[in-house]
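The following blocks contain the structures, represented as structure tokens.
Here come two complexes built around chain A, the first alongside chain B, the second alongside chain C.
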Partner chain A sequence: MMDILPLIQNETLKIWKKKRFYVILLILLVLIPLFTYAQMRMAQTNADNFKDWRNQIQQQITDLQNTLASDRMPEEWKKYDRIKVQQLQYYLDHDVNPNSPDAATFTRQFMASSVSLFFPLLILALASDLVSGERTSGTIKMLLTRPVKRWKILFSKLIALTLYVSLAIITTGAVCYLVSGLVFGYGGWTMPVFTGFVINSGSIDVSGVHPVPQWQFVIMQSGLIWVSCMTIAILALMVSVLLRSTAASIVTMMAAVISGSILAGMASSWETAKYIFSVNIDLTDYLEGTPPPIAGMDIVFSLSVLGVWMLGALIVSFGVFTKQDILN
Partner chain B sequence: MIPSGKLWRVLGTTALASTLILGGGFAYAMHDLLVVTPAAQQTEQAPVKEVKSGGNFQQAEEIRVTALGDSLTKGAGDNSGRGYVKTVLERLGEETGKPVQQINNLAVNGLTAAELDEMLRTDKGLEYPIREANLILLTIGGNDLFRPVLEAREDGGSGDIDIEEIEATIPSAADSLRSVIKKIRQINPDATLVYTGLYNPFYDIPELREGSAAVQQWNDEAYEILGSDEHAVLVPIMDLFQQRAADYIASDQFHPNQQGYQRIAQRIIQALT
Partner chain C sequence: MTIDYPVRERVKITPAAFSEAAQGRADKTMGQPVLDVRGLKKKIGRKWIIHEVDFQVYPGEIFGFLGPNGSGKTTTIRMLVDLIKPTEGEILIGGHSVTRYPEKALAEVGCIVENPEMYTYLTGWENLEQFARMLRGVDKARIAEVVSIVRLDERIHEKVGTYSLGMRQRLGIAQALLGRPKLLILDEPTNGLDPKGIKELREFIRMLSETGLSLFISSHLLSEIQLMCDRVAIISGGRVLSVGRVDELVNQAGSYVLWQTDNQEGTRRILAAQAEVKLYEEGEYRMDDSALAYLPGAVVSTVHEDLIPELIEKLVAEGISIAAVQRVAPTLEELFLQLTEDGQV
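Take a look at the complex of A and B:
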């Protein structure tokens, strides 16, 4: 078993030398200041229009109530707004500002909104050419003629990928915090965030709601993001085993992820869609109490769906990789 | 170029540590979602922040306005989206020379007096903006009286609206208004309260012209409810929408249009300055 460690080391260094991680870092360093600036402008507008965050939240509630009063809105959309109103009300009643402008809050909100598209994109940048890249460059022959079992090679790639997924998530959080802190100040870690909203078909049960300090919330959130990202990573690894071209494998995975997020927005009437992995990757929603895209989904269900997809992808990847002939 | 061995050690440890943190985070999240949440007790209600009452705007340094009520306060029908509230704020600033700030516009389209009463009872968040204000703008009642007409009109009919039906809604709506005013006064006893009366939006329809009598009856009720309150004022606007109703009513045949709102604002300014 000890002979696998050098393999992992080798794969980890290979990914590093491909400079993919620099690309991710660069994307983060461009995007996050952009969002920070947008957030700053928003905070300024709010400060101009409202004396106090309470008034701003109250106005948000009233605006939602006005949307709810409109007959033009379909009933299933109103459900989301109704739940949002109740949550905002809860924050207001407990005198806690859900949008307090500080670096920790910015980090929490950025990470939560990144889970459905931005993180998968970063992961695909790392994972999509793990195997197909070796084919394109021809190094796969060298790799497979070494006296090492094939499954060990794929396994070491998987471990290296896992390490980079973790690194990417932590780096995103760190860059978020450091950059936005320049503008908003580095506080906010102990601010209470409410979690435990339970959604039952259109209404919300607040009996389980409890505050957790924001640092704890961010860690829990990151853990859930990690599971979503690992699902994407393992599926991307599978696609990379199956397809020869890296471009094709990126496109395939992107299509799956994007169609998932579109489906999540419109599939409430198509119930079977809840078995698609990309409809389930917004795990952080369960922490925040956002209603799931399809009624009846909960954290256990989503994790099971993701688990089945991961397991299937692993079986296919290892099965194909250990058996297939290398022809070209 | 960093030597591979060193790079691996740094990279490996950092990544492993990250993985452990994230794995721990995941375990913690599962614990929170599956164990803590079902077991959690209702958390203690945080003490509501004490806010000093806004006082009366005539003496105040700064005019702070909270508007609440129905679509008139929201500004429905005004293509510029300003409604009467924004104009009142501007003109008030010009007339008094004091800074004017809108705390909140809490109006909801289609709200009835009974619904507003219920909102004030259950929605504790409303207390804060109402308490802070020294000028409160309120319109309510139109939906109580005219909703039957509007609903009938949506169903196709328009001619045979029963005036008595409109009149029959007045007593219970008036009770709700009384309760609304009482609740506002419990929260903020000193602020100047401007209640803008109703007008007859159907003056142009001959069969509904007598509706004006019902509207007048409502306004009388409102006057009586506000009567004993020294900081409250009822602004009548019924006459503004009679002679040239078509020019001041929006295309929905119910709400005022931009010019209509201008004229309402004018009245309110006259009443306040």
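Take a look at the complex of A and C:
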């Protein structure tokens, strides 16, 4: 195993020198202040309209109940709203503000809503040209004519990718917290957040609900985000092995991710769709108690589906990479 | 012992020099081959790309691999360095099978396949560091050593993206030498270089050969192989047509002897009288046009080299003054035609 460390060093260096991570950092530094500003305006509007956050939540519940009373709304959508009402009521009953304006809450909410599109995009920027880029530039010939087994080379790329995926998640969290803290203050870590909502056919089971401090919630959430991101990263690595062009491999993966999030919104009646990886990407929803896109999905199911996809992608990647002829 | 390679500087014909060189080279085809290719075949899809390739490269020799574009040169080279898996046959480098023990076999080889492609976003030095980490026993001192061998010291810490093709070529060679290989494989090394660059490369290859390194050089130009190599394998349509010493092959294919004298008519008459001499009319020969441009009005013939001094004496005795006698290599096409006609396939 010792001889694989220099290879990992090589791959890590290459990604760094390609300045991919700078790009990610730049995107974060542009987008997060933007979202922070939007959040700040929202908080100001709310503060103008409601003296107390309780009034605001109460208003939100009333609004939702009004729409629920409408006949024009499809039954499926009503299900979501009913659950939302129950959750808000739960927060209200326990005197906890779910939208408390502080940096920790902002970070938690931003990370959770990034998991379906924003994080995959960042990951693709890192992963999509790992192998196809070497093919495009021709350096794959230099790489594979060394006295090193091919699986070790791909493995070192995988490890380097894992490092950068982890770093990207941590950096996103850190930038989020630091930037939003300037506006909202750096508190909120100990605020309780409720988790453990169990969704049962349109209603919510609150018997397992318990509060966790926000810092703990953010750690749990980050773990789930990491699993989602690693699934995307490993699939992107596979596509990068299979396709010679980096552009083609980015487009393919983006199409897969986006189609997943579209399907999640419309597939409630097509049950088999729940085996598609991108429908299962939103793992953080389970933590918050948002109902899954397709009935019958739960966190164990989604983790298993993602696990199977990852395993399959790894088998294909290593199988193809170690055997394929480099013809151009 | 340093060996003189007259074949490279061949302008005048001196049979003695040839036999001497032949002896020097004969020594090299002994011992265990550094590269041993046996019964190599490759099928892509349903099509056989490589039908039958066999040859051996011995320690310290410069081995040419000659064939037109699309003849299977690059495919063969890619099989030598484990980029493509052979369908049949075996490749041994330093006695290790490339397909079964790629780590051991590839440790003996340095190579540049087609263009010397490096990471353009890294400096020359960082590139070499990358490759050094994939080899055993290569430290900073060795990197510095190969950098000075290829004379890149001045710009080694600049990004490869800013290098000229010649510099990339040199960096490619530095990379190939890093692991102290026994065999260096260069695929069309002169492609894209200017005449000065080609000359430098030739000198460099000669210098490397003198250190005992074996070189395997592919090219589609016969003249280039003649200038650089001791032995050559000729490949066409995925088959090795012939393997042998460069001068022998060229002789075998009948290189032309051009006679430039003050009496073209008389020369033609005297030479035609000799049974061993074959004369050619305009359009019957295939050779590089530039050779004739230097010798206007020359008589084109084929004749065994040993007879040339005798013929010169005859011409002089007839009162014909000789301006030049020159041997000119046939073109690659001519060589192929000869080889296939002789049933050497």
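Definition applied: the second predicted complex is superposed on the first by the 328 of 328 C-alpha atoms of A that agree within 3 Å, B and C clash if a C-alpha of one lies under 4 Å from a C-alpha of the other, contacts with A are read in each partner's own complex, and residues count from 1 in each chain.
The working rule: a contact is a pair of C-beta atoms (placed from the backbone, for glycine too) under 8 Å apart; a residue touches a chain by one contact, two chains touch by 3 or more.
A quick note: this is a predicted structure, and the numbers were derived from the prediction, not measured.
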Checklist entry - Fit or clash for chain B plus chain C once both are placed on chain A? => result fit
Checklist entry - Does the superposition put A:Gln65 against chain B (first), chain C (second), both, or neither? => result first
Next on the checklist: One more residue to check, A:Leu167. First (chain B), second (chain C), both or neither?
Outcome noted: first
Checklist entry - When the two structures are overlaid on chain A, which partner does A:Val198 contact: first (chain B), second (chain C), both, or neither? => result first
Next on the checklist: After the superposition on A, what does A:Leu144 contact: first (chain B), second (chain C), both or neither?
Outcome noted: second
Checklist entry - Given Cα centres, how many degrees, to the nearest 10, is the angle at chain A formed with chain B and chain C? => result 160
Checklist outcome for this item: chain A contact check, chain B vs chain C, more residues touched by chain B
Checklist entry - When the two structures are overlaid on chain A, which partner does A:Gly296 contact: first (chain B), second (chain C), both, or neither? => result neither
Checklist entry - After lining up the shared chain so the two structures overlap, which partner does A:Trp226 touch, if you call chain B first and chain C second: first, second, both or neither? => result first
Checklist entry - Can A:Lys14 be said to touch chain B (first), chain C (second), both, or neither? => result second
Checklist outcome for this item: Taking every C-alpha pair between chain B and chain C in the superposed model, the minimum, in Å, is 9
Item to check | chain C-contacting residues of chain A that also contact chain B | outcome: 9, 13
Checklist entry - Mind pulling up the chain A residues that touch chain B in the complex? => result 9, 12-13, 16, 49-52, 54-55, 57-59, 61-62, 65-66, 69-70, 89, 92-96, 162-164, 166-167, 169-170, 195-196, 198, 206-212, 216, 219-227, 286-287, 299-300
Item to check | Touching residues on chain A, where the partner in the complex is chain C | outcome: 6-7, 9-10, 13-14, 17-19, 137-139, 141-142, 144-149, 323, 325-327
Item to check | Interfacial residue positions of chain B with respect to chain A in the complex | outcome: 4, 7-8, 11-12, 14-16, 18-19, 21-30, 32-34, 36-40, 42-43, 45-49, 64, 74, 101-111, 123-126, 128-129, 132
Checklist entry - How about chain C: which of its residues touch chain A in the complex? => result 44, 78, 81-85, 102-107, 109, 111, 113-115, 117-122, 126, 130-131, 133-136, 175, 179
